[in-house]
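Consider the two complexes below, in which subunit A is the common component and subunit B and subunit C are the respective partners.
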Partner chain A sequence: MFPTPIEKRSRAAQISYQAFLPVVLIIWLLPLVAVAVFSMKPDADFTNGNYWGLPSSFELFNNYGKVFFESNMPRYLLNSLLITIPTVIGAVALSCMAGFALGVYRFKGNLLIFFMFIAGNFVPFQILMVPVRDLTIDLNLYDTKTGLVLFHVAFQTGFCTLFMRNFIRALPFPLIEAARVEGISEWRIFLYVVLPLMKPALAALAVLIFTFIWNDYFWAVVLTQGPDAQPVTAGITEFNSQYRAAYHLMSAGSIVAALPPVAMFFLMQKHFIAGLTLGAVK
Partner chain B sequence: MEAALLGIVTIVVGVGGCLAYFYFSNQFLDHVLFPAKGANAGRNINRANQIRPWLFLFPAIFALSLYLAYPVVATLWYSVTDRSQGGAFVGFANYAQMMDEPKFWEAMRNNMLWLIIVPAASTAFGLLAAQLTDRIKWGSIAKSLIFMPMAISFVGAAVIFKLIYDTRPVDQAQIGVMNAVWLQFEGGIGSLLILRLLPALLMLCGAAAGVYVIIGQVTAIREKGGVLVRGLAILVLAWIVFSLLSLALGAVTAVHPYGEPQTWLTIPGWNSFLLMIVLIWIQTGFAMVILSAALRGIPEETIEAAIVDGANPFQVFFKIKLPQISGTIVVVWTTITLTVLKVFDIVFAMTNGQWETQVLANYMFDKLFRANDWGVGSAAAMVIMLLVSPILVWNVYNARKEMR
Partner chain C sequence: MSFTSTSAPPVERGWYKRNEIAITPWLFLFPAMLFFAVYVIIPIGQSFWISFHQWDGLGEATWVGTDNYERLLTDDRKFTTSFWNNLKWLVLYLLAIPMGLFISLFLNQTVFGIRLYKSLFFFPFVISQVVVGLVFSWFYLPREGLLNAVLALFGAGPVNILGDPTMATYGIIAAGLWPQTAYCMILYLTGLNAVDPEQVEAARLDGARGWKMLWFVILPQLKPATFIAFVVTIIGALRSFDLISVMTNGGPFGSTRVLSFYMFEESLSEFGFRMGYGAAIAVVLFFIMLGFIVYFLWSMYQDEKGGH
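And now, the complex of A and B:
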């Protein structure tokens, strides 16, 4: 077997390898570790210059409590949730239907539309900024969560449809044929035959889109302002300018802002990676 | 709480709307418009089946044309008009004005640097990580940890790295990790080893690898021809080798201001690299995951055969494994390239393009929102589009080839 499992190598090679990797890993994660440690320190440690030593007192609950109860953070988090979840549901629902049409039916223009979806996938989002902003203002949706959700749904639908179409193409087609022969109507085939088979793709796509939307910053800045509608990515910069000198609070805020997608990632790692792989290979 | 309730209502209405649209449009088609009974039953079924795909496609296409197709055309139009003159057509005046600005060329130069360095570094690190973690028991844990930054937003990462690069006055303790480490160097033997010899050695290794590839290309020209493409590759490689050598020389001879905390983000030249590190930190995990899946997909027999023939581990890796995953490497590379072309959040949150770190996306944002110059901003957006289009065309072309 190759590569030789490290267990079969010489003792010295094994030890150095096993020791080398954790060191590299710690350096890799040093930024996160530093921020995590900062977020547990009391204010006094920062005025005394005790940045790198042990915390003089353990202020985890105090710092995070302040973030949660004395700032706009909970509001930003709620906004993020209210923007992300409808977007995920909307984009996945739309793309299921479009992907089904492109994957199952043969009709004139099928390929052309498919290529348009591919092309749309590569359009840099900056190019959309001014018209989309104008459109949102015209629709009276500027600085609302709805405006942001509508745009995100539309923009993500391109990628999602491609993803779904490729997945549906790989499904066993005879299954659909058999259902047709049985005289089952098309919408039932979609709901009861194809949709259950798409569960893994749905999960992967949902996790992927969740992190994409949660982490979006550009559109949050372009289409919203102020804590009424802005998601947490925009909120964190606001928060940081508000607590400019309070490093313990800034760190706690950063951790809070990053936590949901990271937690999502660890809980749904399998789906996340499956989504990335499926999305990248095609 | 009201907002949460509103959100739930929106979701229910949205999903319900989707389902209702889906159900009723199909019912309408099957039972009202072209019912599958009566005199024309057969023809009606065919007709209904021709229309049905468009029922499924309609919502997606409507959304995309409203929020994607129309804005692209509109931006193209903005880039050749002037809003201050009431939207009059001005031809290429906006582009000409943009070309005259040094800030634009600075953004272009920086973007090119980002384009070369970030995908290369992320893919190389990702490949290394995939290869190294595949061989140990707790490799999957290591992988999730390396991959974790991918889940953090660019802004979140930028905020975190801002703390890392932070500076305090000379007489205070340093809060930024970079400066805390920097102050450990005092010009002694340790500094000599780490700040001069190590980077110089790395650069020399890179240069040696470049020379090796050049020699390979030269022999390939002798044996197989292809002077034009290979000659171009050799020229580019020679330039890279040359710059690596001069960098190595620079690392040995540079004068370092030991003991003074540096404001890292304001040092032109270096600060761009410090910003790139943030993106590399995020994208390496992505490259690693995809490449690790590809590495596992390589058939064992090919590797066994190579070992039986007496190949050493380096040969196995570079001559057997790499060629077999070259397709995946290209995919990873282009995906990261696309991300790089659109990079905005990191620069915006960390330096906002000051101190010579401007990139195109941020330049555009600056023009639109600060200078309120819609024409030039749109022209900059078109430049980004132009840079993306080769990848776009190449992808559509590949998809077509796959169809046949």
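And now, the complex of A and C:
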């Protein structure tokens, strides 16, 4: 193991390491700690210039109550959910099938199609922006959740297919051959042999895509406009103009907007990290 | 690996049954390819086409040949600023890789509660860039911001990072480095987990330690992690949009624009939609990216050949 395990060092080194850890963590998360503190303060603290002292009163529930009951925030959160969940399902479904095709079969153009999916995934969003916006307007889907979902499904399919294909490649191939010898049709092999083995990949992709889509801002601004369809990342800017300079409310709003992916991460940590670090170990 | 039927079919089977192995992959690929073609592949071509036109997004587009590009490359100061800022992003964003490596080395221990520490260090990556941008813009605030409160402790004067054209871009990049470092850290933590302990022990017996050990024994084993860190960091740097849009909206005096932001501004700004010009900027950005994409794909291709 590298660096040398701390258990093998002196007692003093161990204690100072243990003491040092929380300090470094707090410095690392300082900007976030600041926002969390802001979100608990009353309005008066900001007008009195008491930015970094102790809160003069503890207003956590009040501030978050305002965010939930007196603003458009719940609507934006709901929109985010209604955009994110169908996208996760769509992208994972499409890429499962595509990954199966590219991972199991040998045919002409296999690698070419695979590389096309990877390359498309790296492309800058801006080169898609004008045509995709046009297409969405032509389909009468501008400023709708469906419009966003369709695009997200398509774009995320690139990354998901890369992921799925590599995962399926690593499965034991004799299993599929055995099923074929038994005379099982190909789509049944997919459904009953391969799919059950892909559960870890499905979980990893689902949490990753959830986070990516929840956090998307660019496409939300390009393809939607108002509180009817906009997700929370775009909504937070509107929220902020509503509460301009009310830092306690803006902080509370930001924390609420950031929370769902954070919760997702902590609940599904193992899968999340397995997904993100795919390929980091050979 | 390819399938060959082991025995002659006992009864005459349908055309689909006979060609099942050849057709199935295409059936499985069809939906994904359709979506990807409509929303990704074809739009790239369309953007190239639009970039040769003058178009407000509504009426007829007029063909202007390479006018857009000539204007971009000869007399557009906004473009020049954006381009240089993109370079700053590219270079400075790469700092996330060594920073992530050092944090991962710091955290690669097995003390009580280390798992929680690792997750909390990773935290910034999970938060949306919009929130990261907001958090940092409040952090930088000249009066209310925590940064100046801390600086005041050391007797340093208040700085208005986002209001100063010479510093604003660096301030935004610093904000971007925060989640990106977390990402690189998690890549290296996973990589360090898989480092061969026998090699480390052998090197230790040979007297290697510290920097030498890191450079000659550990880093070569972390190569796959470094490659991925490099890929995601480059892409992240060239995609930077959210932070700029949230923190400065391109200002002050347009000093924080990058190509991706400038393109958005030209195409959909309140000053009228200039889709053709925007598309031309996007094409330039695409070509910058293409260099990296070709390199990434080439590396992956070498891997594929070696692996199978």
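Everything that follows uses one rule, which is that the second predicted complex is superposed on the first by the 274 of 282 C-alpha atoms of A that agree within 3 Å, B and C clash if a C-alpha of one lies under 4 Å from a C-alpha of the other, contacts with A are read in each partner's own complex, and residues count from 1 in each chain.
Note that in this section a residue touches a chain if its C-beta (ideal position, glycine included) is under 8 Å from a C-beta of that chain, and two chains touch if they have at least 3 such contacts.
A quick note: this is a predicted structure, and the numbers were derived from the prediction, not measured.
Asker: Aligned on subunit A, subunit B and subunit C: do they clash or fit?
Answerer: Once both complexes are aligned on subunit A, subunit B and subunit C clash.
Asker: Given the touch rule stated above, what does A:Leu81 touch, subunit B (first), subunit C (second), both, or neither?
Answerer: First partner only.
Asker: Pick one for A:Ala154: touches subunit B only (first), subunit C only (second), both, or neither.
Answerer: both
Asker: Can A:Ile89 be said to touch subunit B (first), subunit C (second), both, or neither?
Answerer: A:Ile89 contacts subunit B only, not subunit C.
Asker: Could you tell me if A:Arg180 is touching subunit B, subunit C, both of them or neither one (first, second, both, neither)?
Answerer: So A:Arg180 only meets subunit C here.
Asker: First (subunit B), second (subunit C), both or neither: which does A:Pro196 touch?
Answerer: A:Pro196 contacts neither subunit B nor subunit C.
Asker: One more residue to check, A:Asn240. First (subunit B), second (subunit C), both or neither?
Answerer: both
Asker: Does subunit B (first) or subunit C (second) touch A:Phe125, or do both, or does neither?
Answerer: both
Asker: Please work out whether A:Pro172 is in contact with subunit B alone, subunit C alone, both, or neither, and reply first, second, both or neither.
Answerer: Neither partner.
Asker: Applying the stated clash rule to the superposed structures, which of 3-11, 201-209, 237-245 or 291-299 from subunit B runs into subunit C?
Answerer: 291-299
Asker: If I apply the document's touch criterion, which positions on subunit A are contacted by subunit B in one structure and by subunit C in the other?
Answerer: 1-3, 5-7, 17-18, 21, 25, 28-32, 34-35, 38, 46, 49, 51-52, 94-95, 97-98, 100-102, 105, 107, 110-111, 113, 115, 117-120, 122-132, 134-135, 150-151, 153-155, 157-158, 161, 185-187, 190, 211, 214-215, 217-218, 221, 233, 236-237, 240, 247, 250-251, 254, 257-258, 261-262, 264-266, 269, 273, 276-277, 280-281
Asker: Which positions of subunit B touch subunit A when the two form their complex?
Answerer: Listed in rising order, the residues are 3-4, 6-7, 10-11, 14-15, 18, 22-23, 26-27, 30, 49-50, 52-57, 59-61, 63-64, 66-72, 74-75, 78, 132-137, 142, 144-157, 159-161, 163-164, 172-175, 177, 180, 281, 286, 289-290, 293, 300, 303-304, 307, 313, 316, 328, 331-332, 335, 338, 341-342, 344-345, 348-349, 361, 364-365, 368, 374, 377-378, 381-382, 384-385, 388-389, 391-392, 395-396, 399-400, 403.
Asker: Help me check something: in the complex, which residues belonging to subunit A touch subunit B?
Answerer: Result: residues 1-7, 17-18, 21, 25, 28-32, 34-35, 38, 46, 49-52, 78, 81-82, 85-86, 89-90, 93-95, 97-98, 100-102, 105, 107, 110-111, 113-115, 117-120, 122-132, 134-135, 146, 149-151, 153-155, 157-158, 161, 185-187, 190, 211, 214-218, 221, 233-234, 236-237, 240, 247, 250-251, 254, 257-258, 261-262, 264-266, 269, 272-273, 276-277, 280-281 of subunit A touch subunit B.
Asker: Residues of subunit C touching subunit A in their complex?
Answerer: 1-3, 6, 20-22, 24-26, 28-29, 31-33, 35-36, 38-44, 46-47, 50, 57, 105-106, 108-112, 117, 119-124, 126-131, 134-136, 138-139, 143-144, 146, 149, 178, 183, 186-188, 190-195, 197, 200, 213-214, 217-218, 224-225, 227-228, 231, 235, 238-239, 241-242, 245-246, 259-260, 263-264, 267-268, 275, 278-279, 281-283, 285-286, 289, 292-293, 296-297, 300-301, 304
Asker: Using the touch definition from the top, list the residues of subunit A that touch subunit C in their complex.
Answerer: Answer in residue numbers: 1-3, 5-7, 14, 17-18, 21, 24-25, 28-32, 34-35, 38, 46, 49, 51-52, 94-95, 97-98, 100-102, 104-107, 110-111, 113, 115-120, 122-132, 134-135, 150-151, 153-155, 157-158, 161, 173, 177, 180-181, 185-187, 190, 211, 214-215, 217-218, 221-222, 233, 236-237, 240, 247, 250-251, 254, 257-258, 261-262, 264-266, 269, 273, 276-277, 279-282.
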